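Shared chain: chain A. Partners: chain B in the first complex, chain C in the second.
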Partner chain A sequence: MSDLKVSRTGGLLGTEEGKTFSWEKVRQVANPEIVIAFTLFTILMVIAIFGALLQTHDPMQGDLLKRFTPPGQEGYFFGSDHLGRDLWSRMVDGLQWSMACALTANVLNLLIGSTLGLLAAEKPGWLRIIVNQFVYTLQSLPGLIILICVVVVVGQGFLTLVFTLGLLSWVVYMRVIYAEASSLFQREYVQAARLAGVSRWSIMFSHVLPGVRASLFVIFAFHFAGLLIAESALSFLGLGAPLGVPTWGNMLAESRQYMIRAPWMLIVPAGAIVTAVVTMNLVGDGIASLSRKKGRSIDV
Partner chain B sequence: MSSTAETVPSDDQPSRALESLMGPLVPVMHQLTRLVVLLFMVTTLLFFMLRLAGDPALVLAGNDATPEQLEAIRAQYGLDKPLVIQYFNYMGNLVQGDFGKSLASGEPAMGKVLTMLPATLLIAGLAMAFSIIVAIPLGAWLGFKPERADRRSVSGIIFVFQGVPGFVTALIFIQVFAVNLRWLPSLGMEWGTIIDWAITESFSIPIPVPSKTWILPAASLSWFLMPSLTRVVAANTAEAMREDYIRTARAGGAPASTLLWRHALPNALLGAAALIGTQFAFLMGGAVITETIFAWPGIGWLLIESTQTLDFPVVQSLALCIATLVFSVNALTDLSFQFLDPRLRTKGN
Partner chain C sequence: MVKPVVRIDDLRLEFLSQAGPFEALKGISLEIGEGEIVGVVGESGSGKSVTAMNLLQLLPRTKINVPTGTISVLDHDVRAMDEKQLQKIRGGEVAMIFQEPMTALNPVLRVKDQIDDVILRHKDVTPAEAEEMSLKLLADTKITDPRRVYESFPHELSGGMRQRVMIAMAFSCSPKLIVADEPTTALDVTVQAQILALLKERAKTTATSVLLITHDLAVVAQLCDRVYVMYKGEFVEQGVTKDVIGNPQHVYTRALLNSLPEGKAPKSRLATVAAAMIEGDTSNVIEEPIEQVTRVARTGDTLLQIKDAVVRYPKEYNLFGRPITFHTAVDHVSVEIKEGETLALVGESGCGKTSLANAVVGLNRLASGEIIYRDKNILDHEPEIRREIQIVFQDPQSSLDPRWPVWQIMTEPLTVGTSPSKAELREQAADLCEMVGLEASQIDRLPHEFSGGQRQRIAVGRALSVRPKLLVLDEPTSALDVSVQAQILNLLLDLQDEHGLTYLFISHDVAVVRHIADKVAVMYQSKVVEAGDSEQVLTAPTHEYTRTLMNAVPSLKRAFAA
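Now for the complex of A and B:
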């Protein structure tokens, strides 16, 4: 009986043979796109983690004598804004905020969506009907109404944004996991495990979940990009980050009044958003092509 | 079924006649039931959530109202009753077609939504049409020989475009076309003027002329929709070109253009149709950010406006309207597959 068991964390994070790392393997799978994707990803991560060391100025402290400095002049790497604040340092702060926001919301989405998807696939009947109807309602109801209501009650902030995004946008996980797990539950190895007396939860998390792992990684990357866009759009509308917090959305909103005088105020945060989103899309494509190489096909 | 039909007792005839009469209507009834369930859930969910968010009496009276004024307003609008009673009252009114009056302006709530709807439908339709017109030929071109260098570089550019959020595109378009070049207006919306084209003295044909104000919002919205659509068409075309039936047609001497336009593309368009449905359903929620940036008087703009001021009846009517539209678009997409994909057509009895 114990031979049948796979460790629970092992199910999601990779099996034993996947853990041995060698450059030979990397060379086999690497294509230019994947190399670019993971280089960009590493750069973004380094900036996000060591941001404080890379900032040249205090992102909140402006020098009114040096307003609207064009990029590259007077020590302002990306120029300065209408209050003389350094755009590079603010962009780094924005990167940290966006990454933290998208990552937390994405993990919440992953947990909720995949659990509901697995449950609905495992237990045909009332649970499936309820979950599907709920998903359907959530898709037809503009999430923005709910977000604004929460903002009206508890105010803007990191937690408001993360929890509303985290609790509302898991539908993509649920649908894909539901579709893939439904077919996995019919497979012989799951039937065999059932006959051997493996518990319901063990079947779900140790036997079926590893089968959908590749899709989970792919959705995680693409959904991360989507959440980055959603976060900056909401901040831009004045519904995400509180006013004054240096996020990309807020920086874009501030740039609107100074379009003629300082176009770099628009270009810097816009470039940052596009780079981050393109990177995550590339990473998603990369993971998808890697897992296809292993002989699986993925539908996202 | 037909072989056993002769042995069926005659008293079954009326029900069979009814079934054949109702036959085509069964899916319609099924969809309508689903719509009603959906609208019920949306309304119920929103009713309680909005009440958690704020007190309608406060919205009506303003923040500096005295407690007596608040009491009077509560009594007048029935807000002093228990929440469950209020809920049943509201649902009762809803069933009778009374959606309530806007707390801000006193206009009928649904009327307010419906006057805003055409602007949203206009921009959604324009953006969708524009992105389809560009994406399908472009995607077919890319997918026909995807390994060529020129196609690969165009694919790369489209991939980057896909990462540009719609509101960033809108801001860049405003910067370039309205601020720097001063070609187009960046704000507001006008219905196009109608010019009478006089044929004779007494007879003229009205020709609607689109307004310049439509261009930037529609262009930035379609710029956001186009890359993913192009990529889907390209990927599906490339996949179809690898199919056996294409090889057979090629072996039979069919020219390349026939292969692409007659054999590969129709198959690729199935996937595109699914995405178009999804995108259009998404646009029905109001292209909120595009509408806000361009001060476009559509339902996306109204959604932000009314929710922020907690104008409950308007928010409810909006949600009902949007849910119905999203549902209809999804149902129509499903239905169109019956026509587009012969494999899905159910065989007649």
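Now for the complex of A and C:
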């Protein structure tokens, strides 16, 4: 049977809703954009994981005689900074820090946001009202400013940053999962399960969670990009990573004074941020088109 | 026949997809004469809508391949025309009426802007003249208050009104041809009757040709001069409607007619379009013999008693989220079902029949009244009773989890409270498959690998897994093609015979109800207006509404009598 069907109204349907992911589908839809996205992503992950092996210098150790070396000279791949430290090695450190921070915060966001979203969608009543009102309040406050206030109060450091981001930016998960799960809970197969006496938790884990899984992947990728930017912004402002730790934000902050004399000090961390963010956005797009159902992409 | 308005010659059409080309039309030829109403009838997927869409080149040209064929509409070779030339024909000389008037009308524009726009675009008139013409057109469609409709937004109008507006728009530029794609499928039967009569009257008075696409043979019988029967992208039979339906030559047409419950003995087996046909080879079709099984109703004690049931939905809420006004969906309804019998609730959409069914299975709460199941109030003993009452929903597309294999779907109710092994469940599922006429080897497939009818079988199998006594069937066949409907009706009757099931059957289709039900309760505006033995109620209705309903149903017999 061909997978192209003509519906009763004459419209063309794509593949029917079914499994959200399969390698067969990957081969069918693998367009250049997706290939680029996942290649870039793999490169970033390799650098993040095997960073220590790829570093050419000690990222913290400067050579004051070799300050402001332009990229490519004297063994400095990306040049050196105002203290003669290797920018490539520092960038690798920054990548590890950013990835670890964004990843952990993102997992926290996912757990909190989707749990609340699912619960609010499942239980009409006070929980739904409270969660929704809390989210409205959170959404009405300017995110970055709240983050700054919190960091100012609790101080800097990896864990502080991760928990601040993790506990405050799960709204996007909650909103999307709440909306999708609400509609899934109304589906007839959920009602049929309910009538058969299947428990709330069982319905949630066996019918609803698999139904929102594709969206979770997509938000995870897009939100990852957002967290990377937030982390860099906070570090840039001197509120994220402690001073001296080579993160992209800190490197940007340090480059400000030497922008004219050594523009590569700006370009290297800025380029790293842009590359990482673009990669994650492409990955998000890629996942969305891979899990496309019935010709309709998931709106995030 | 004078000069044909439409002439299609040996048209082939393929859809291009990644899985390879899919042949939708296999060399069809069709002719529509001036002022003629021609029907194309077939099941979903037969290619009838593709034919209509392709007539005006509405299919994306990059997604299709047309190896052979010519289409001439009003002496234009439409396949050679570009978008701009086509636009001049569309809406002007050729108009379309779609199935769903809500989506065909623009929701943010008033009716007046939409009709006037069509007239102004195709005719050389002033806006004031256009308004006058629009009002005249609306009045012609028997709208009693054209001015109000003219000023309204689509959402302020009922489905029937919207379809009238669509018809008015279609006739606005005095077209030579109207293409109507399932124009009444989304409407209630009583409204459908009015719309069909209107369409016919308008077409005949203005000598407009109509190409009517439908799956409903009774609609064709009522409306069309000639009919083409379509099967798998081919016209298997064509001719004057009376001849085709009165004396069908092709085996497919015969099977299709025999699968209609109308005119068959109640509870008899209906013919189905045989499996050989479904596989695509029309040459060696075996027609299933119609055995006249006389089924004896084995009615026992009262199984379910609904007393004075009221279901209300909140309409407006106060500041604290407490409802202050209600919409009463079920208004003091009392019915009872005896063990082993079938009670049908008949009525139009919005009459409260589904609300009542949902109350029986526990998806709705009663505002007052009670439901007694075997002398126990259903609300007091819910967990035990719930398993004895199961439901089959209308649309098997949405009632099966698309990510679950069949064995898991069918045995889900069995996992409640206990945790049987996977092997046990699979065995149970295989048994259930056999019971509902599926192959036991198919239990690892996903729902989308099945056709609509097979999916409904899966849904029935799931409901039967806990060996219920009472099955609530909420329009179980209305999302299905007629030939598939026959299969499901046969299955339901067989299951009732074998397992002594009791059915609460919800439907809007009088012919189906007459076929399957022992007792009928007719619902109208939240109340039961008439109830009794189905034979009696449906042959000699006493209530005014029941009579209206009976007369509105398109019927082959009546179409010929006329």
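Please note the rule applied: the second predicted complex is superposed on the first by the 256 of 300 C-alpha atoms of A that agree within 3 Å, B and C clash if a C-alpha of one lies under 4 Å from a C-alpha of the other, contacts with A are read in each partner's own complex, and residues count from 1 in each chain.
Methods note: contacts are C-beta pairs under 8 Å (C-beta built on N, C-alpha and C of every residue); 3 or more make two chains touch, one makes a residue touch a chain.
Computed from a predicted structure; not experimentally measured.
Trainee: Which holds for A:Asn281: it touches chain B only (first), chain C only (second), both, or neither?
Mentor: first
Trainee: Where does A:Leu87 make contact in the superposed view: on chain B (first), on chain C (second), on both, or on neither?
Mentor: Neither partner.
Trainee: Determine, under the contact definition given at the top, whether A:Thr137 touches first (chain B), second (chain C), both, or neither.
Mentor: Once the two structures are laid over each other on A, A:Thr137 reaches chain B alone.
Trainee: Looking at A:Leu44 after the superposition, I want to know if it touches chain B, chain C, both of them or none. Which is it: first, second, both, neither?
Mentor: A:Leu44: touches no partner chain.
Trainee: With both complexes overlaid on chain A, does A:Ile145 touch chain B (first), chain C (second), both or neither?
Mentor: After superposition on chain A, A:Ile145 lies in contact with chain B alone.
Trainee: After the superposition on A, what does A:Val268 contact: first (chain B), second (chain C), both or neither?
Mentor: Neither partner.
Trainee: Counting only touches as set out at the top, which of chain B and chain C does A:Cys101 meet: first, second, both, neither?
Mentor: After superposing on A, A:Cys101 lies clear of both chain B and chain C.
Trainee: Which parts of chain A are in contact with chain B and also with chain C?
Mentor: none
Trainee: Mind listing the chain B positions that touch chain A in their complex?
Mentor: Touching chain A: residues 37-38, 41-42, 45-46, 49-50, 52-54, 159-160, 162-168, 171-172, 174-175, 179, 285-286, 288-289, 292, 303-304, 307-308, 310, 315, 318-319, 322-323, 326-327 of chain B.
Trainee: Which of the residues in chain A come into contact with chain C in the complex?
Mentor: Counting only chain A, the residues touching chain C are 2-10, 12, 16-20, 28, 129, 187-189, 191-199, 202, 207, 210-211.
Trainee: What part of chain A is in contact with chain B in the complex they form?
Mentor: Listed in rising order, the residues are 133, 136-137, 139-142, 144-146, 148-150, 152-153, 225, 229, 232-233, 236-237, 252, 255-256, 259-260, 263, 266, 270, 273-275, 277-278, 281-282.
Trainee: For the complex, give me every residue of chain C touching chain A.
Mentor: Touching chain A: residues 15, 17-20, 22, 24, 44-45, 47, 49-50, 52-53, 63, 98-100, 181-182, 215, 321, 361-363, 383, 386-387, 390-391, 393, 395, 398-403, 409, 412-413, 415-417, 446-448, 459, 462-463, 466 of chain C.
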